[in-house]
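Just below sit the structures, each encoded as structure tokens.
Both complexes shown next keep chain A, but they swap its partner, so chain B is in the first and chain C is in the second.
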Partner chain A sequence: MNAPFKATKKAPVGASHVEALRAVLPHAVIEESRQTADQITVTVKLGSLPEAVAYLYYQRGGWLSVVVGNDERALNGSFGLYYVLSMEEEDRCYFVVHAAVPEGKEEFPSVTPKVPACVWGEREVRDMYGLRPIGLPDERRLVLPDDWPEGLHPLRKDAMDYRFRPAPTGDDETYAFVNDAKEETTVVPLGPLHITSDEPGHFRLFVDGEDIIDADYRLFYVHRGMEKVAETRMGYDEVTFLADRVCGICGYAHSVAYANSVENALGIEVPLRGQAVRAVLLETERLHSHLLNLGLACHFVGFDTGFMQFFRIREKAMMLAEMLTGSRKTYAINLIGGVRRDILGEQKTRTLAALVELRDDVTRLVDMLMSTANVEGRVKGVGRLDPQVARDYSPVGPLVRGSGHRRDTRVLHAFGGYEMVDLGINVGEGCDVLARTVVRAQEVYDSIAIIEKLLTDTPRGPILTEDFTYKPHKFALGFTEAPRGEDIHWSMTGDNQKLWRWRCRASTYANWPVLRYMLRGNTVSDAPLIVASIDPCYSCTDRVTVVDVKKATQKTVPYKEMERYCRDRTASPLK
Partner chain B sequence: MFKLLKEIFRTGEATVKYPFAPLPVEKDMRGKPEHEAERCIACAACTIACPANAIGMTTDVQAATRTWSIDYGRCVFCGRCEEVCPTDAIRLSTEFELAVARREDLTRRAVFRLARCEVCDTPFAVAKEVAYVQDLIEATAPGAEDAAQRRRLVATCPSCKRLHDVDQLEKLGVGRRIEETRR
Partner chain C sequence: MSRLPSDTQFAPAAGIGKIDTPVDVQRMKSSLLKDIRRSAYVYRVDCGGCNGCEIEIFAAITPLFDAERFGIKVVASPRHADILLFTGAVTRSMRMPAFRAYEAAPDPKIVVSYGACGVSGGIFHDLYCVWGGTDQIVPVDVYIPGCPPSPGATIYGFAVALGLLGQKLKEETHVEGDNERVVIAHPTVPYDLRVLIEREARRMAGYRQGGDLAETFLTALETPDGQGLDGRLDRILRSTDDPRAREILEALGGVVRIAAERARP
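Then we have the complex of A and B:
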């Protein structure tokens, strides 16, 4: 057993990037500020924004985490744009490039032509704040529905009350789906709605016979406006409970990321034991999430017995969560400054015993899955994510790790309880569905090891600190590695015990833009399998529209039917 | 295939009898918050703590009542109400089967009588809350006379207190003294 962990003061990192940026773009940098030891915000001239972001992204090993828009007109007469980059090669840190867009001239040079990863962020900033990205190749709406009135930008402070629902401006869906195919294709629409699901999406597959030539999708059908609610209705200390609800699977990761962002902004030091409890619960969440996805991987290749077996052992992870937090979903445990529930001796003993059992179970089931004859045949080489496409779009989690990139927030930007453990990054080289599945299986063992380590060597002391005061207009990032990848939150306090701005970026948001490239070149029957391999909350897609490019016909296939076809691979719904 | 069959035989039956048999839950599970109106003093601490606005209160001055309510449809089972309650009137149980046939049935209410101000006779605060505070401060009062005075003070509404204060200040001539000091 190792010596108990002691906290050390972190040395400030990231200065080399500022120097390098000043050297390359001598007149661009206006101001720099530091939020924490590993977070720097640099203000650049609006005109130099694309060059600055592109330089840091491609020359300094930066990956785009999120683009944040902010209405700061009441504070300094301008809108703020924050491009958050995770610097992952040398001198690792979070580097935020900030530029101010003056009120009255609400446009900015788009970064997307230089860094494709910015595309969703800039489309969202345009929808929510009405700032026009000049030169953005994709000018379609992202978040706002097609029938939303022009000129109403919900996150502007003077735009609307959070309860306001404007009357629809039309009855038609006017969204133009993009098809890059050179020849004629057939359209297969997947979606948009399934009444019972929380995250519907509309997929459109452009096919030639059974082969997918291109794909496009429209999401955000049930945007819940959580950021607006948090900014206008809730106290900053209550938002942890709302952040839980961002996701039905990895809500705790969001809650921790949010709490961290406020703690970083206000300079709060969470007691070590509180940090350890948070890490234990984050890993418990990863256990049940990865076991769920491994089960689904079985389901989509038509191996439902395997699906049942994985869900049977997943239940053990759920029971762990119930025992440790009182809720199967690890909800409502975080407060700003720590956690609300300690892990007691009896719970520790029972958890350690359950983990031994779980490790055996997982070993047997993964062995069973991999030795089942036709599983590998179905997942190997399918849904390939090219490492270069991944580099351009900054996806996260097992998806990007399956394509050979070493990206794991827990290791690269070790935070909280993860500073107390030694952890490697699981990387797959196959770039396909198989590689992602194997990465997830390996991470299950890592999670078990982390929980065991943190429970055996838990630091003693309090789990919560209340020794802090709310300060106005402070901002910082918070981040966690959710089961699906990095979750990142950018929060700025207001002056009324509320938030001025809360930007929450879920991991799947970073993964959607590359899906299109993963679908190309595969067959229609593999589409649900590929979508499932990025592990979205699966209710995301429930129907498919298939468009045959040659015959120029269109046919809507119910999702159940697509799923059946994926499993059985007989009686194609397209014929 | 052999490994799969082995696993299936190893497992045996995994299905539980629920709902035909009760499902065992952890003793610390956070389930339905149970409100005990007898213990409640309607102090409103839980309505402020509730992040989901599931707990609320409305006052009817005409009827001299205040109604406390909880909407289980909004509840997120966080247990903040339990943490802040000074009288242990609300506790989270382990009950999780909350389905009802009508949405209204998800709301539970408790009506409290308001106390009238000793001076102006308008209803101003929940009678139980007033009594609770009176008992508390009486217990800490240095003498019997102080105790009686404090009881009266608590039973007086804020606007009457304000008037009384102005009256007292006038009698003490504080204003005059300030004027003199200024000169």
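Then we have the complex of A and C:
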């Protein structure tokens, strides 16, 4: 009845990339180390950093996951830079290129001109550590707010107490928005407060009449300083609960990624049943998140019946989450070494019954959505993400899958419970909003199938191991596939049971930089729909300033009016 | 409202300019609450929440909970709002947008602070990039706690905001009496053995279910039935038909058997 699955020791992979790198850049590689069977860190000379990353990225099938900065001055007198690449063609593994920036000469050659995907990572390193990327085309602030004083870099160990709140330097927003349009354009600002849900973010659309010529955005209104508090106030074992609160929708994925990173660093083996429970909850989270996005897709094409219906059945997934974890948000389940709750017989039976209902409901609604004539008309060919742009910027999740790239962490770097299931990758070829919506709908069925499989063949045994000792100055990656794509965490343990460094990269962080290209060439009325199609944890905006390039007028349009226009497409507010 | 003690030494000396409610507005507010005979319009101000609260507010207005049946409607502009709903711990970047939203809403307005972060700053209360809760910048009328508050709690909170229900603030302090002693759980089971059983239960099934199963197991173990240890463990196993629960109880039985073996001279 139970568990034919046997865990096998993984063979080390990734050595071919090190050899290839040594062959191409003979004098660049200084040192290599291995964190787990599929994680390698190679230290290169600082001057060779751009070449090494670019070679691995374009010639060896690497995609950029995250850029990590680290203040290691107390350990080895330098700042560390870690470019994490997910090698997804042959010899799949996580390959980390490390370079040391010496104290006193705090600059490094920017990789962005060669690999555009690094742009956000390098801007963030500049904000948080004051390391200057030489040659970085975009030198604006990314993370820190406009009223933050110059020259104060929060993540430097000696910069400040984590509670230090410098007085605001001003009450104005000073962020400069970039417009690449050749001719004059009209500006449409959106946000930072939005209407339906959710998080703040400020958009500027540069339009010519109805057409979007270019777009830029200011995010990180929500920057709270989590990474700093994880390194100071909290113990390494408490950070799982902080990681839950990175995101209110896919927080569990973060918590798992964080726990995995520490488990990988300390060599802890999580019991199989614990891994299965984690995978079941990850998929439950994907269910409610995808149903939310499908609902929003309906909303933005003016199909509000569908929106309400999707939210109605989404509550079944929420009920599942509440039954399995005690909270609608799957909070506080992970510990380092396992989980805090088991799935007993009664919960299993009720979950399986609920999934049958949910599958029927979803089928009916998705059929309804796809057969509604004007839906396809609104989403087909809209918000195109060119596969080459995707290749350059390394976006993740349904967004990149909708553009024909086979990227899914659950399959390419199968971890934990996903090693126990057979899973394919849903890929769409349309590159548009339709393709992304279809990918999400298919993934709902996959999630249901995964939960059913894991609940029927759950491994026996414990859900938690307490059999490990904490070791300082070990580091490794942890990763999961959140509903919006790969979440990746890099953790390094430190003294006093506290983390030395925690870098958490949410999936949407990787998806924002391509949005600009997706908006170009579309009409203003499609903008909310396109933004929603990357499922950015929020979808609409309260107010849009439209700037017309030709007329050189500026006009502020209430968001509601924009949203109404997106739905009805009559009586343009711009006229 | 009493709040967590915060480290004022790290706050800017000049403060960040909290807004106060003038007396006449206060008077208007109480008459609004008394005489409101219409729907209440709500505008959400996200001051840097994680989205958990926002989605739960969303859930509260969609079909299953449907707050609109009480006339509570989420509107698109602060200028239409009777109630402002502030979520999030108030990040530095959101200070000015939050002020602007507050000032855009017509007086008298009711301010609701929503979620653990809004109420007190939550897990982020003392971080460098947040100001630590709604009431640091604007006057708050109603607090809806929770991380995140459930849709039910949300609707309840609206009722409090509209003066239909009172805010429940409860504080209980327990002072130990002269002869008060904590009762030992399961006194007939040796303490060391109980610890072993509870630890094994936690390893197998976590704190919640493991705790319940350990409790069942210990109660059954204590009940005298004249059957000896083996018979008693068998009876415990037969008490459930859930295979997983049986597996866990079997593991707990194993702990007892090993302990009994060791105790034998």
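The rule is short, and it goes like this: the second predicted complex is superposed on the first by the 562 of 575 C-alpha atoms of A that agree within 3 Å, B and C clash if a C-alpha of one lies under 4 Å from a C-alpha of the other, contacts with A are read in each partner's own complex, and residues count from 1 in each chain.
The working rule: a contact is a pair of C-beta atoms (placed from the backbone, for glycine too) under 8 Å apart; a residue touches a chain by one contact, two chains touch by 3 or more.
Source: prediction; values computed, not measured.
S.K.: Once the structures are superposed on A, label A:G326 by its partner contacts, choosing first (chain B), second (chain C), both or neither.
M.R.: Once the two structures are laid over each other on A, A:G326 reaches both partners.
S.K.: For A:E90, select first, second, both or neither according to whether it touches chain B, chain C, the two together, or no partner.
M.R.: A:E90 contacts neither chain B nor chain C.
S.K.: By the touch definition at the top of the document, which applies to A:E357: first (chain B), second (chain C), both, or neither?
M.R.: Once the two structures are laid over each other on A, A:E357 reaches no partner at all.
S.K.: Report the partner of chain A that touches more of its residues: chain B or chain C.
M.R.: Tallying touched residues of chain A, the top partner is C.
S.K.: By the touch definition at the top of the document, which applies to A:E139: first (chain B), second (chain C), both, or neither?
M.R.: neither
S.K.: Which partner chains sit in contact with A:E429 here, chain B, chain C, both or neither? Use first/second/both/neither.
M.R.: A:E429 contacts neither chain B nor chain C.
S.K.: Touch test for A:D304: chain B only (first), chain C only (second), both, or neither?
M.R.: In the superposed model, A:D304 contacts neither chain B nor chain C.
S.K.: For A:F164, decide between first (touching chain B), second (touching chain C), both and neither.
M.R.: second
S.K.: Scan A:E103 for contacts with chain B and chain C and give back first, second, both or neither.
M.R.: neither
S.K.: So, A:R312: does it touch chain B (first), chain C (second), both, or neither?
M.R.: both
S.K.: Can you give me the overlap between the chain B contact set and the chain C contact set on chain A?
M.R.: 241-242, 245, 309, 312, 326, 331
S.K.: If we count contacts the way the header does, which residues on chain A are in touch with chain C in the complex?
M.R.: Touching chain C: residues 1-2, 144-148, 154, 160-168, 171-173, 192-200, 220-226, 228-229, 233, 241-242, 245-249, 251, 292, 308-309, 311-312, 314-315, 318, 326, 328-329, 331, 339-346, 348, 458, 460-466, 537-538, 542, 558-560, 563 of chain A.
S.K.: Considering only the defined contacts, which chain C positions touch chain A in the complex?
M.R.: Those residues of chain C that touch chain A are 7, 10-14, 16, 45-46, 48-59, 62-64, 76-77, 88-89, 91-97, 101, 122-124, 126-131, 147-148, 150, 202-210, 241-245, 247-248.
S.K.: Going by the contact rule at the top, pick out the chain B residues touching chain A in the complex.
M.R.: 1, 3-4, 7-8, 11, 14, 25-26, 28-30, 51-52, 76-80, 92
S.K.: Residues of chain A touching chain B in their complex?
M.R.: Its residues touching chain B are 234, 238, 241-242, 244-245, 305-306, 309, 312, 319, 322-323, 326-327, 331-332, 364-365, 367-368, 371-373.
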